[in-house]
Amino acid sequence: MAGMTIGLVLDLFGTFFFAMSGCILAARRKFDIIGSLFLGTLAGLGGGIIRDLILGTVPSAFNNPLYFVPPVLAALLVFFLFHSVQRFQRPLLIFDAGGLALFCITGTVKALSLGMNPVASALLGLTTAVGGGVLRDVVANRVPQLFNPDDLYAVPAMLGSALVVVLWSAGIYGTAAAMCVAAVVFGLRVVSLHYGWHIPHAAPARYTDRND
Amino acid sequence: MAGMTIGLVLDLFGTFFFAMSGCILAARRKFDIIGSLFLGTLAGLGGGIIRDLILGTVPSAFNNPLYFVPPVLAALLVFFLFHSVQRFQRPLLIFDAGGLALFCITGTVKALSLGMNPVASALLGLTTAVGGGVLRDVVANRVPQLFNPDDLYAVPAMLGSALVVVLWSAGIYGTAAAMCVAAVVFGLRVVSLHYGWHIPHAAPARYTDRND
Amino acid sequence: MAGMTIGLVLDLFGTFFFAMSGCILAARRKFDIIGSLFLGTLAGLGGGIIRDLILGTVPSAFNNPLYFVPPVLAALLVFFLFHSVQRFQRPLLIFDAGGLALFCITGTVKALSLGMNPVASALLGLTTAVGGGVLRDVVANRVPQLFNPDDLYAVPAMLGSALVVVLWSAGIYGTAAAMCVAAVVFGLRVVSLHYGWHIPHAAPARYTDRND
């Protein structure tokens, strides 16, 4: 029960962080306040909905109306405080990193607790973590952040999902462990943004000019 | 049974209206006739398929082949009568408005009759109403109509879904009520297009210049 | 059991072909190696996941980790051998055609064997065949190959799905039949690319200038 509650709290915070990233993008694109609410909702709930559809369960958000509170809050915050939010360095990316850190944990745990195998669980955690951001960017008609080769995006989430599988299998997953994993994922993502850490391209650059 | 039949009729008309919007967009983009059929099918059936996946039922369209008649009809009509269709003012938007008006009703009713709570039902009605149009615009690589800040798109559908929940809870939902709700939603959407009614932006415009 | 094994083999090859198309596109877009793995995975597994969600079963890929081998292989091959891959004429389109040919078969067979009606089965086969490519192109922010009016894309897959339904109903579906259907679909797609075969536009070209 306590684990359930902690999972819900992490999920709601993750939803809020991704929703903020969606509402900030909506503000940049000059969408209206309802467009902001939609883009925030899609970013905040999209990853979990994809996960739950694959797991064959009714998506959490449609079982528990609490999940719609963070997007409403995010849309209002961006509406009233966009000026302040903008003072932070790259707010969209920071909120997105927060959502990524929490969702790779809650997504993996949900899959494991429904009896999926470890590989599928880690992949579903990863899907939860990157899904909302991909949907946000696709409907806003831009190439998803996930595919930006100038920093690390999926790598921290992959690491986080794998860590959760290991901790769960070792029987030492709990609130403290979750906090540590979240800190590692968030830290790695933000540090990679700051220092421009990146991994090799899909293919050596000199060969990528032909079109078809 | 009569309610079932009326629901099916409304659903097929809604499918037809959205399919027309998809086929007209395909014609504008110079897709071929099969591309038109696909975009019409996606626009017409996409919203209902997302709703049914979330509800955990086999999508209506895959249980009842009748659902594929409207997209075929729309592709043929656009192929043979595009010149006439174009005479109407802004035909894509008008057909889209017709689909929006019917799907916010049928989507909400389906969710309610499968026992979802009122909030989730209204949200699923809204998802049905806007889903097909968002999929249509996303695969045609443009920012969805839903996010156009120059008129009202989601607001009429939200109002319609909420009205259906109220009428259903009050026990007075029926054909006449459905027709009234559809007229209100369609009317509000079209009037907002005509007069350029809109709601505030996601954030005050002067703060939306920074990029990241 | 043998049929099951053949289905799995065809599915894995189809996954590999689509994954190659995704990884090649990732290389063209200068995504990094993990972005390549994601785009390959989405292209390779996306169509089957959509099909399985509609069928209401846990997606094959999440039941059997083998499905993730082809995308990993494709990302590595593109990374190490992109120069050689590029020597072939239009490699992205050829791999995509291979996936199309196999997935319209395996998708239709899976739907038929789960008891869907013939129309729905052919449509799910088609969805499996075109779904991964559409997701690949949508997240890479380009108009899907499916909508390119300069050659035939959906038509070969529709023919293939219909042929499988006919062969299955006649009780003569088997490995040999599957190979023949795959050859027909692949051949028709490649020949249409080579000769620029196409079908009529969604509407006569002279009427497609107005915007809204």
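Per-chain numbering from 1; labels A, B and C assigned in written order.
Heads up, the rule we're going with is that a residue touches a chain if its C-beta (ideal position, glycine included) is under 8 Å from a C-beta of that chain, and two chains touch if they have at least 3 such contacts.
This is a predicted model, so every value here is computed, not measured.
S.K.: Going by the touch rule set out above, what shape does the chain contact graph take here: line, ring, star, complete or other?
M.R.: complete
S.K.: Please decide if copies chain B and chain C contact each other with the same set of residue positions, more than half shared, or with different positions, and reply same or different.
M.R.: Chain B vs chain C: different; shared/all numbers falls short of half.
S.K.: Report the inter-chain centroid distance for chain B and chain C in whole angstrom, where each centroid is the mean of the CA atoms.
M.R.: Distance between chain centres: 28 Å.
S.K.: What residues in chain B touch two or more of the other chains?
M.R.: Each of 53, 56, 138, 141 in chain B touches at least two other chains.
S.K.: Using the touch rule from the top, collect the residues of chain B that touch chain C in their complex.
M.R.: Result: residues 23, 26-36, 38-39, 49, 53, 56-59, 62-63, 65, 68, 75, 78-79, 82-83, 86, 90-93, 138-141 of chain B touch chain C.
S.K.: Inside the complex, what are the residues of chain B that reach chain A?
M.R.: Interface residues on the chain B side: 53-56, 116-117, 119-120, 123-124, 130, 134, 138, 141-144, 146-147, 149, 154-155, 158, 198-205, 207-208, 210-212.
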